[in-house]
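Letters A, B, C, D and E name the chains as they come in the text, with residue numbers starting at 1 for each one.
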Amino acid sequence: MIVDCAHYRAGVRQHEEALGIEDAARIAAAAVEGEFVWLGLRDPSDAELDLAQRDFDLNPLAVEDAKETHQRPKLEGYDGSVFIVLRPARYVDESESVEFGEIHLFLAPHYAIAVRHGEASALQPARRLLERSNLLRHGVGAVAWAVLDKVVDDYAPVVDGIDNDIQEVEEDIFARRDDSTQRIYFLKREVIQFHRAVAPLLPALEALERGAYPEMDRELRGYFRDVADHVRRVEEQITSHRELLTSILEANLALLSVRQNAVVRSISAWAAIIAVPTFLASIWGMNFTHMPELDEPWGYWIALAMMAVAVASLYGFFRRIRWL
Amino acid sequence: MIVDCAHYRAGVRQHEEALGIEDAARIAAAAVEGEFVWLGLRDPSDAELDLAQRDFDLNPLAVEDAKETHQRPKLEGYDGSVFIVLRPARYVDESESVEFGEIHLFLAPHYAIAVRHGEASALQPARRLLERSNLLRHGVGAVAWAVLDKVVDDYAPVVDGIDNDIQEVEEDIFARRDDSTQRIYFLKREVIQFHRAVAPLLPALEALERGAYPEMDRELRGYFRDVADHVRRVEEQITSHRELLTSILEANLALLSVRQNAVVRSISAWAAIIAVPTFLASIWGMNFTHMPELDEPWGYWIALAMMAVAVASLYGFFRRIRWL
Amino acid sequence: MIVDCAHYRAGVRQHEEALGIEDAARIAAAAVEGEFVWLGLRDPSDAELDLAQRDFDLNPLAVEDAKETHQRPKLEGYDGSVFIVLRPARYVDESESVEFGEIHLFLAPHYAIAVRHGEASALQPARRLLERSNLLRHGVGAVAWAVLDKVVDDYAPVVDGIDNDIQEVEEDIFARRDDSTQRIYFLKREVIQFHRAVAPLLPALEALERGAYPEMDRELRGYFRDVADHVRRVEEQITSHRELLTSILEANLALLSVRQNAVVRSISAWAAIIAVPTFLASIWGMNFTHMPELDEPWGYWIALAMMAVAVASLYGFFRRIRWL
Amino acid sequence: MIVDCAHYRAGVRQHEEALGIEDAARIAAAAVEGEFVWLGLRDPSDAELDLAQRDFDLNPLAVEDAKETHQRPKLEGYDGSVFIVLRPARYVDESESVEFGEIHLFLAPHYAIAVRHGEASALQPARRLLERSNLLRHGVGAVAWAVLDKVVDDYAPVVDGIDNDIQEVEEDIFARRDDSTQRIYFLKREVIQFHRAVAPLLPALEALERGAYPEMDRELRGYFRDVADHVRRVEEQITSHRELLTSILEANLALLSVRQNAVVRSISAWAAIIAVPTFLASIWGMNFTHMPELDEPWGYWIALAMMAVAVASLYGFFRRIRWL
Amino acid sequence: MIVDCAHYRAGVRQHEEALGIEDAARIAAAAVEGEFVWLGLRDPSDAELDLAQRDFDLNPLAVEDAKETHQRPKLEGYDGSVFIVLRPARYVDESESVEFGEIHLFLAPHYAIAVRHGEASALQPARRLLERSNLLRHGVGAVAWAVLDKVVDDYAPVVDGIDNDIQEVEEDIFARRDDSTQRIYFLKREVIQFHRAVAPLLPALEALERGAYPEMDRELRGYFRDVADHVRRVEEQITSHRELLTSILEANLALLSVRQNAVVRSISAWAAIIAVPTFLASIWGMNFTHMPELDEPWGYWIALAMMAVAVASLYGFFRRIRWL
């Protein structure tokens, strides 16, 4: 599905309505310095991709990649053109999970094709923002920046969501509420997957920052450095999330042990409280002929009183040593 | 055993039937630019290998390696020729294990010899595919690519199989079914072995991508980069499998502790439920002469009722605090 | 809020009172070799930052960063100017936590703008000290050094505070006082965060030491090396804190297990001490007609004595094997 | 003790009997291109080493090293000569331990001195093999290769021995036989020590492969690469052994927990089976005057039957829930 | 305090008695090629250091460092002079701890100043040794080597001490003596601190080995390589100590679990042994009118015998299944 497609000259959009793929390709082929076409596709059919490949003469290996999702993020130069794979993410609060989309970017001097799969990181707002700035005159490199910036900015709420979950888990385990093992484990799994989406971006952005792709306008390097810096921050946060979750799992184990200690103690205390009067009763249940207290009228009451005293003092004792 | 052996000129197979080793060697020796011979052997006898070595003048150290299996994957250049060791894998569902084969590739400007040991990654389909493409005109480098691509593509179902097992184990431990420790451990062992088969491929492919072996046609570099990219993806997946399995083992330990807590609690609750009426019975089993309730006609029934009440209220109490 | 702002010529402050932003910018614009302006802002409003940006013509991306806090430490050159982000820290003893501030430094040949957020690392003392030294004649590089040195020096009490907490925790767990799991965990979290504030400084300082920024006076390199050395020391200490806390968590788990062993043993000992006399009583509670000892006048006393002896010898036995 | 010492010219041994140190040194001093002396010492006395040092003018620091064992493996060039330290290993099955020897190699254009300490890796077979090959005409580099190859080949049975022990331990812990903690720990200790003997070899061999020592004949590089490849394989295997042993230790902990759960459950089941009939008996042991069943002739038998039924149904129940 | 101070010319000490700081500085200032002064201070007062700084014109940043201890080891060149910080260590057997001193070395072409803090690594023996060798003619570089060599050699007994403690701990935990958790933890802490003292030395020594400091005589490089090699060995040993201690902590946890299993089993066995006869007694304590055995003269004795048989067979059974 074509989301939007426009022709830009000297950074200015030439028309409001979206072009078709064939028109766009024709304009791109005829474009001169300072002109380019930006085509945005969402969840395209294979037919649309094949059309784009034929018309724009895209690299077949790259198009192959764009058809299947679950790629790893990367940036590859095919002489004169650049192919970028991104994995945008969004945090789904209900399921405490991170959902990944996928964006494929084909960049050549006179066209930029952005293919988006999934919910995360809608690109239309990035296009609108860029059209209002004066960066588009730097050419397709500006499109690359805008898309990268959007995707990386959208990582921030994911990081915050995980941060928040970690804090909830911390509270849960130290308040000794329900067992949180499952939640901790699945959080950790999310973090590991998130890391896989983010980490490979860094070398790609550093290559852009260093100017490894001469197709990108030199003046954009500062912008790519800025995005790289955000990625570094996200990655450091993910790394500490991982470490924290590992520590939480260990702390959880210790707390379970502490809790078991407490349970065993309180159970034992109650066992003692019932065992002692039972023992007393069994004494007076013996059948010796000569047990003077048995015949006393107050015998039974004294016995009951002794049992009560035993229970009370044991209870008091166990309270004092904090077993109860 | 010779699986197939053919003579290619300008990317076109010259005949349908398979050549013998000696004929192949003769053609290779006489080959000019654009011609080569592709010999495919499976589980060859030492005699076949020695024949191939003599006729093709293969490097003795490489042939030595090809005779014994359990090599590590590698790519080595012997001036003018290249020797590649690969460890294809296949996932055996019944035993939840990964089975490794071994492929040795001898490449020189005018011949490519592929020696396969074991079940994994049959190469004949790769040859058929390549013969239908127009890549064979790039020479033996195309053979190297086809074999590498086949082996690496065949890693995908292994990764999926492990993925699937991990999900099953997750379900098992969080549903608190049988103890999964053994299954987790053996999965981890498979993953460690799989990693050893995959990881050394990366530097080899990066060398091909960088063009370290001038014998390989320059235009194939993009193809090798593509394979390298797949290997990177597989490796990242294996790395997260490892991490996940480590976390599962830890979570499992915590869950065992939780379960033990639960068992101890429910046992203790039942112990209390039986201890209290036993205590009551022991009171009325005392032999004091003056125990008024003993002589009442309703005494026994009241006693039984009190016991029933004690049992019921303890049961209710333990249900309320979730020990039962 | 402007903390201080002064014009320096040949390392000497030209006036005592603080300049306004516009005056400062005017002087900086007109400054010649050996002259610069040092503007110190604290928790500035966006309006102040925008004013500074317009007047000093600061890089918009850097100012964007300076407006939001929670940046990662970094050092970035924008041709002719340098932008530094620092995360000063201070240790809050009451809450055993590390509180982070943020300092942004804009450096150009003729001005240095320091923007501080939060409590940590007041910069006015560093300015006073620098004014009394003769380093200011090296230009804005000296300001960079003074600020870096102040921030890094202020890490020392944080390290000491954490050191101290770790020692307290060690004493606690080995003296088997209250459960320290929560405290250990939160200490570890602080250490992880502290590491994130410190570690990225090192490559930045090494770049200064190597002279990657020609704007900095060559003679200051030794000073930057000195700061880098302090950062290295802090980082090594943080790394050992992390390792120690991991080990403490593990030792804690072992100690909990030891303690549980001790509890189970002492409980079992007491259970035995009460079970044996109860058993004896149940023997003499049997209703056999012919139990000679039942009719002896001394029978009961002997029975009680036997129980007492059983209790005493069991108690002695359990003391001897250290279960009690 | 001199094991063997011979003079080689153009790769051919000049005589069968072993030379003395002084003769060997004289021949080496007078040797021309293509000639060298190979001296093999085993557990030499300090006097022998001092003699060799004086006569061959060995580097005093290297000889100092050769006198004491427990060196780490290394390869050092002293202009014109090379000093190599190796740590051969052998697996001692009785004690499940790895025993390390030590080999010091002094190489110069016209002599090779091999000093061996301990049992592992006898070098005489390597000399015999080399004398039968045609490699000796490459000079002392061939000796270096033969010794390195022998030592590294002798690592294979050690790896296999450890592999085998790990499999036994796996079987033991999953069959829940005796506690294997001690065995796992000592295996891990062996693996750590083995790693220390093997890992430093790799950079040394890579230096030889790259040709860092021009004293070694260029044509031997392929041979050194082959040895380096074996070392890499051994190192990867050691690394997975380590990981496996870590996982086994963790799995062992989980299994101990599982086993404790099982024990606690079965104990509790038996406790319940005995507690219920005891409670029933205590009911009929009460002294109420009006307990109609007590006076029935069938009362006792019914009571015993009820107890039996209680025991049987509890037993059945616990079997059903798999606590017994 | 001045330990010793002498003037050397062509490697020969010019006088026996120690010079004062001022005389030494005067000689150093007037020294020509081949002459230098070696001043040894121990725990100097700030006044002595200030005097040395003024007279020898030492770098103020380095002197600042020399006044405070707890520096990290490092080697820094200040054009023409070199400043080295070392952390010698000694093993204190009584407290099983490692005690660190600190040595600061100021080296310039014509003087070497060694400042020592703390007990570890007295330098006077190193001076005596060096004076007897012929290395002093290489100038102050020889002093650097002698001090480094002394410090690194003194690490060996520390490594041995830790080795020994680890062996004791191993024996303790596998012999299941007292709980060793505390000892293991503090050993690990010592090892972590020791690592911090040793690890930073390596890059410094490698710089000396590579000849990064032209002030050091070229011929000494072999000597520095020798020291670097020792440091590498010490570092590898520390690394395995760390790993071993981590494994010991884990093994310890498993052993505690095993021990708890054993305790729980033996307790349960004893509980069963007492519960069964108690149950039998409670049967014959029932008050049924018709319990034929109660009236038999042999009833009581049979009952006692049955109890004894029950106890004996349970005991035998539990012995057989190894619970007792």
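Quick note on the criterion: contacts are C-beta pairs under 8 Å (C-beta built on N, C-alpha and C of every residue); 3 or more make two chains touch, one makes a residue touch a chain.
Just so you know, these numbers come straight off a predicted model, no measurement behind them.
Enquirer: Going by the contact rule set out at the top, which chains touch both chain A and chain E?
Expert: C
Enquirer: Starting at chain B, figure out the least number of steps needed to reach chain C through touching chains.
Expert: The fewest touching-chain steps linking chain B to chain C number 2.
Enquirer: What is the distance, in whole Å, between the centres of chain A and chain B, each centre taken as the mean of its C-alpha atoms?
Expert: Here chain A and chain B have centroids separated by 26 Å.
Enquirer: When the C-alpha atoms of chain B and chain E are each averaged to a single point, how far apart are the two points in Å?
Expert: Roughly 42 Å, centre to centre.
Enquirer: Would you pick out the residues of chain B that each touch at least 2 other chains?
Expert: Expected reply: 250, 253, 257, 260, 264, 271, 275, 278, 282, 285-287, 291.
Enquirer: What sequence of chains forms the ring when you start at chain C and head for chain E?
Expert: C, E, D, B, A
Enquirer: Hey, which residues of chain E end up touching chain C in the complex?
Expert: These residues of chain E touch chain C: 59, 61, 71-72, 74, 76, 78, 179, 181-182, 184-185, 188-189, 192-193, 196, 200, 246, 249-250, 252-253, 256-257, 259-260, 263-264, 267, 270-271, 274-275, 277-278, 281-282, 284-287, 291, 293-300, 303-304, 307.
Enquirer: For the complex, give me every residue of chain E touching chain D.
Expert: Touching chain D: residues 170, 174, 222-223, 225-226, 229, 232-233, 236, 240, 243-244, 247-248, 250-251, 253-255, 257-258, 260-261, 264-265, 268, 271-272, 275-276, 278-279, 282-283, 285-291 of chain E.
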